[in-house]
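Letters A, B, C, D and E mark the chains as written, and numbering starts fresh at 1 in each.
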Amino acid sequence: GRAQSATNISVGYIADFPNASVLAIADNQKLWEAEGLTADAKVFTNGPIQIQAMGAGSLDFGTIGPGALWLPASGRAKVISVNDIGFSDRVIAQPDIASIDQLKGKKVGVPQGTSGDMILRLALEKAGMTVNDIDMVPMDPSTVVAAFASRQIEAAGIWYPLITVIKKQVPEMKELAANADFYPDTSFINTLVARNEVVDQDPEKVKKFLSVMKKAIDWRAANLDESIELTTAYLNAPKEAVENVARSRKLLTSQELETFTKDGTVESWLDQFNKMFVEFGQLKEAMPPKEFYTADLFLSA
Amino acid sequence: MNPKISFKDVSRTFDVAGRPIFKALDRFSLDIEDGEFITVVGPSGCGKSTAMNIAAGLLQPSSGQVVVDGVEVKGPGPERGVIFQQYALFPWLTVRENVEFGLRLQNIPKQKRREIADHFIDLVGLKDFAHALPKMLSGGMKQRCAIARAYAVNPKILLMDEPFGALDALTRVQLQDQLLQTWSKERRTVMFITHDVDEAVYLANRVVVMAARPGRLDRIIDVGLPYPRTEEIRLSPEFATLRNEVWRAVYHPAAAA
Amino acid sequence: MIGLNIVALVFGLGFWQLVTSLGVVGLPTPVQVFNQAIASISSGLLVSDALASLARVLTGFILGIAVAVPVGFLMGWYPTARGLIEPYIQFFRTIPPLAIIPLAIVTMGIGEVPKIFVIFLAAFLTSVVATFQGVISVDRTLINAARVLGARDATIFRRVVIPASTPFIMVGVRIGLGSSWATVVAAELIAAQSGLGFRMQQGQLYYDLPVIFVSLITIGILGLIMDRIVIAADRRLTAWQEKA
Amino acid sequence: MIGLNIVALVFGLGFWQLVTSLGVVGLPTPVQVFNQAIASISSGLLVSDALASLARVLTGFILGIAVAVPVGFLMGWYPTARGLIEPYIQFFRTIPPLAIIPLAIVTMGIGEVPKIFVIFLAAFLTSVVATFQGVISVDRTLINAARVLGARDATIFRRVVIPASTPFIMVGVRIGLGSSWATVVAAELIAAQSGLGFRMQQGQLYYDLPVIFVSLITIGILGLIMDRIVIAADRRLTAWQEKA
Amino acid sequence: MNPKISFKDVSRTFDVAGRPIFKALDRFSLDIEDGEFITVVGPSGCGKSTAMNIAAGLLQPSSGQVVVDGVEVKGPGPERGVIFQQYALFPWLTVRENVEFGLRLQNIPKQKRREIADHFIDLVGLKDFAHALPKMLSGGMKQRCAIARAYAVNPKILLMDEPFGALDALTRVQLQDQLLQTWSKERRTVMFITHDVDEAVYLANRVVVMAARPGRLDRIIDVGLPYPRTEEIRLSPEFATLRNEVWRAVYHPAAAA
C-alpha cells in the first residue's frame, strides 16, 4: 500500500546504464518508499526531449548526458546533481589512420551536439586543429555506425556500445582519442536535472529525490555486478552491452560528489562545458554554473 | 390563368476558349400551360437539352429567365422531375434503391416507399431486376430505370429528355400510353424532347419545333387531336398531315431572325 | 493472388539470406531476426509493444479519416472553405512529423494524446487531399440527378459524393494508413513506455539490429494486414464499379 | 481564391502573434522569425539551403513519380505483377524513412544519391498506390473502345489509362510532393552540408527556434508553390472532365 | 464460300451473386456472309449487345465460339470496327483527336490522318466542332463523333450497336443512306443493332429477330428488296409487309426452345 503522505514525482531517463541504473536500484532497494515518494519513471530517447517535457510541465526530474548540458546552461532546467562520469566516448578511425593529424581533410562523421562531437573537438584542439581542418559530416548515431562500417567515412566521434558494433565489422579500427585523455579537467558528466518550477516552489521534494539518488549512487558504486543485473532487467536490454558501458564508467560516491561540489570541481566542469557550447555556437552566452547548479540542495539532501 | 412554365427570352452561350462565343440558345420564349403536354423536336445540337436543363434549374441562362408557377427558377426541385438524356443512374445503388432515392428524401416510410418503388419498377418491366446494379443492365433497361425513378417522386412537372430513345418499339408504345394515361389522370405538365416526329405528334398538345445555329424556337404546331390517343388516331390522315407538317418544319426551317 | 504474395515473400527472404550470408552489408540474417522474434514473443514484449502501437495507430488513423472526409468535402464543395483551409493543409503536409513533436509536447504533454495527435495528423493530411480530389471529380450528372430528386447539400454529400468518390477516398485511406504506421516511430519518441517504434529506438541506442528488424517487420506486417482489410472493404464498397 | 488564401494567411499570422505575445507557449513571434528570415537571406544561407533542398526534392520527386506511374500500371493491369510487387510496396510504405537511412548509406554512400533515394522512395510509395487505384478505376468502356480501334497494351497505357486516371495520379503526385518535402529533413540527416532540413536540425541542436521556424516555413512555402504548379498542371490535364 | 462471321452455338451467362444464373444469350447461331448487311432487332435486354460484344472480342462466351474469316475470335481487332451503344468517346480528346485515334495506331502520316479525319467529321456534320471536347457536345453529336471514329479506320466489318439511336430523323436518314453507299461500294460486312423496325428493314439483306428470357435467336427474315434503297422503296407495299412481318416477329415471339 502507498503511504498516506506519499508525494508523486515523475522522473525521466534514457534507457542506458548510467541513466537508468539509479532508478533500477531505487526501485529494487525500495528507496522511494523510505522518502515517502512515489516515482513514475518515464523512458525517453534523449535528453532534450526530457527538457521539453519539463517545459510542458509533464516531467519533474530527468537524467541527461553531457551533450544536453547547454539546456540547463540556458536556463531551461536546473542541474541538481552529478550522476557519474562517462568514459565511453572515442574518436575512432579506419585502420590506415594512426593519429589525429592525419584526419586533415578527411571525412569525419559525428552526431552533432553529442559527447561524440565534444570529444572530437577536444581531440582536434589538442592536436592544434579545429573542425575546419577536417571534412566534418553531421549524421545521427546509427547512421555513423552504418557509414563507418561500410567505410563511407574515415573517422568518427562516437561512443560505446555503438563502437562494439563497429568493431565487429572493422576489427582493425583505431581509437585515436578517449575521454580518459581529458580527465579530470574535462569530465563527461551525466547529471540529474529538475524542472525550474519544482526547484523554486518545492525544494523539499527535490531534497527527497536527491536523498534517494544519493543512496542509489552509493549502492551502485558498492555493488556494480548487482547493479548491472538490475539495470539489465529494468531495461530489457542486452546484458553484454549494458555491462560494457557500466564497466567503462567512473562511478563516484555521494561522498566524493559532495566534496567536488564544495571544492568547486563540479562548477569548473560545468564551466568547461559552457565554454565549449559557446565555442560551438550552441550558446551565445552561458549562465554561470552557480545559477543553474543547485549545490545547496545537493549538499543539504 | 398564368402559364405553368414560362421561358422568357432565355439565351445561353458557351464560352469555349479560343473560339467565338457559341449561342446554344437564343432568345427562347415559350409558355407552357398547366396540364399541357409539350413535345420539343429539332435537329441534333439545336439546344433542346440546354433549354430543358435551364428549366430544371441545372444550368444558368446567360440572359432571360424561366418562371415556374410565377417564381423564377433558381435551382432544381423535386416538383420538377427530370429524365436525363444520359440516364444518370447512381451506379452504386440497385434498381430499387435508385427508384427509392427520391422517396427517401421525402421521408416516406419504408413500407410505403417499397410499395411505390415496386409499382414503378413493374411499370417499366424491370420487376426481375430490382436487385440488379446499373452495370448489369442493358441500355434500354437503364433508361427504363431512370424513368421509374423520375415517376416515383410524382412530380407535377415532368421534363423528359429523349426518355424513350433507347427502347424497342413495343416497350416504347407501352410507355407512351402509360405516360399519357397518368398525365391526364393526375394533371401533370410535361415537356418532352424527342427526335421521333411520330412520337412528338402522338403525345403532344403542341409540338415545339426548334432550329439550330443559333438554337432557337422556330415554330409551334398545334396538335388538334383528341385524347386519349389511340392506334386509330395514329393511322388517321390528320395524323399523317401533322406529321408531315412537323417534318417539314424541322427540316426546312425559316432563316434565323 | 495469395500464392503470388507467398512467392514474392519467399523470394524476398531468399534475397535477404543471400545478401547477409555473403556478408556484404552488416545486416542480421533472417535466422537471427527470427530468433530475436521468438525471444521477443516469449518475453511477451513483442505482443505488448504491438498492441500499444496498434492502439495508437488505429485511434489516430480512424480519427484522421473521420475528419478528413468531411473536411475534404467542404473544400471540394465550397470554394470559400477551400480558399481558407487549403493553404494550411498544404503547408502542414510538407512539415515532417519530427518537427511537430516539440509543439505537440508543449501543448499536449507527454501522455497518449500527443502521440495519437501526430498519427492523426499524418492520416488526416494525406486523406484530405484524396477526398478533396474525389469530391471535385464526382460526375456532375450524378449530382444533378440527386438535386432534381430534391436532395440538399448534406444528402448529396452523404448519398452521392461519398459513394461516388469512394475510389479516391480509398486511395487516401490506404496512403493514410501507411503514413500512420510510418509516423508511429516518430510519435513514440514522445516518452512512450512501450510500442514497436519505441522498441526500435531502444534498439538503435545499442544498435541492436535484430531488435530493430523485428520491430520494423512487425510494423510492416501489421500495416499489411490492415491494408488487406481496407482493400476488402474497398472491394465491397466499390462492387458497383465497372473495373478494368 | 488567392484573396481567400491571403485572408487565411493573415488570420494565421494574427493567431500566431496573439498566442506568442500572450506567452502561453515558448514559441518565437512572427516578428522574431521574420527578422531571422531577413538575416538568413542576407547571409545567403537561406537561398543556398533552399536551392540544395529544392534540387534534392525535385530530383527525388520527379523520379518517384516517373517510376510510380508505370509500376502502378503494371500492378493494375497484370495480376501477376500485382501479386509480386504489392506486398513490398505495402511493407515499405509503413517503414519510416529514418529506418531506411542506415541501409541507404551502406549501399549508396553519403553523397547525394542516398538523400535523393530516400525522397524518391517517399514519392514513389505514395504515388504508386494512387496510380494503381487509378488504373483499376478506369472505365472499362474506354479501354474497349481503344482495343477495337487496334490499340495494344502499351498504347492503351499511354493513351487511355494515363489520361483517364490523371485525377488519381494527381492525388498521388500531390501527396507524394508533400511526402517528399516532409522527408527532406530525414534525408538531410545523411551527412548533408546544407539544405533546409539540415539547417532545421542545426536549429534544433541549438534550440534556435527562429532558425527552425524559418526552415519550416520555407519548406512549407516551397511545397505550397510546387503544389500550385501541380494543381495548374492538373487543371490543364483534366480540363476534359465535367467537374462538380 | 465461308461465312465472314459465324456465331456457333454461342451462350453467355451472367453470374450475379445470390441469384440464379442469368442466361443473357442462349445457343445463338448465325452465319453472316461476306458483304452482307444484317440488322438485329429484339426487345430491350434480349442480348443484342451481348452477342455483338462477343463478336467484337470484348466479352468471352460462356460456351460456343464466334469465327471471323475462319479464325476463332480471341480478342478485339481493328478489322472489326465497333460503335458502342454508350458512345465511349475519349473525354480528354477533341472530336478530331477522337476520330484520329485509330488512324494514329496504323501509323498513318499526319497529313493523311488529318485529311481522313476531316472527311468523316464532315460526313457526320461536326465540321464546326472538330476542336470541341466531348463534354461540349449534345447527345446526338457525341453519337455522330463515335460513328466518324469507327468509319475512319475503314474496317472490313462494322459492328454497330444502335448507332443512330440519338439522332434526329433527318440526320438519321442521311447517315443511313451514307452507310448503305459505302457498304456497297467497299464491300463491307455489317451487323447493325436497332430498335427501329423501319430502319431494320430499310438497311438489311436479312433482319435477325431475337427473343428474350433467355436471349436467343428467334427468326431470320429475308428482305428481298433491291439496293440502292430509296424513299420510293420505303413507301412501297412490299416494305410495309416486311415491316409488319418483323414487328409481329418481335412482339409475338415463338415460345422458348
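Simple rule for what comes next: contacts are C-beta pairs under 8 Å (C-beta built on N, C-alpha and C of every residue); 3 or more make two chains touch, one makes a residue touch a chain.
This is a predicted model, so every value here is computed, not measured.
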Problem set entry | Joint neighbours of chain D and chain A, given as chain labels | C
Seminar exercise, completed: Note to self: most contacts are between C-D
Seminar exercise, completed: Rounded to the nearest Å, the gap between Cα centres of chain B and chain D is 49
For this session: Quick one: report the Å distance separating chain A from chain C, using the average Cα coordinate of each chain.
Result: 36
Seminar exercise, completed: The distance between the C-alpha centres of chain A and chain E, rounded to whole Å, is 83
For this session: Check each residue of chain A and list the ones that touch at least two other chains.
Result: 55, 142, 145-146, 149-150
For this session: Specify, in ascending order, the residues of chain E that touch 2 or more different other chains.
Result: 86
Exercise. Of all residues in chain C, which are in touch with two or more distinct other chains?
Worked result: 25-26, 106-107, 141, 241-242
Seminar exercise, completed: Contacting chain pairs, sorted by label, are A-C, A-D, B-C, B-E, C-D, D-E
Seminar exercise, completed: Note: in the complex, chain B contacts chain C through residues 56-58, 75-78, 80-82, 84, 86, 88-93, 101-102, 105-106, 133-135, 149, 153
Problem set entry | Contact footprint of chain C on chain A as seen in their complex | 12, 14-16, 42-45, 49, 52-53, 55-59, 141-142, 145-146, 149-150, 161-162, 165, 168-169, 235-238, 241
Exercise. Hey, which residues of chain D end up touching chain E in the complex?
Worked result: 141-142, 144-151, 155, 159-160, 163-164, 166, 237-242
Problem set entry | Partner chain C, residues of chain D touching it in the complex | 1, 3-5, 7-9, 11-12, 25-27, 76-77, 79-80, 82-88, 90-99, 103, 106-107, 125-126, 129-130, 133, 135-141, 143, 161, 167-168, 170-172, 174-175, 177-179, 181-186, 197, 200, 212, 216, 219-224, 227, 241-244
Exercise. Inside the complex, what are the residues of chain E that reach chain B?
Worked result: 14, 16, 18-19, 41-45, 48-49, 85-86, 125, 131-132, 136-141, 144, 161-162, 165-172, 195-197, 247, 250-251
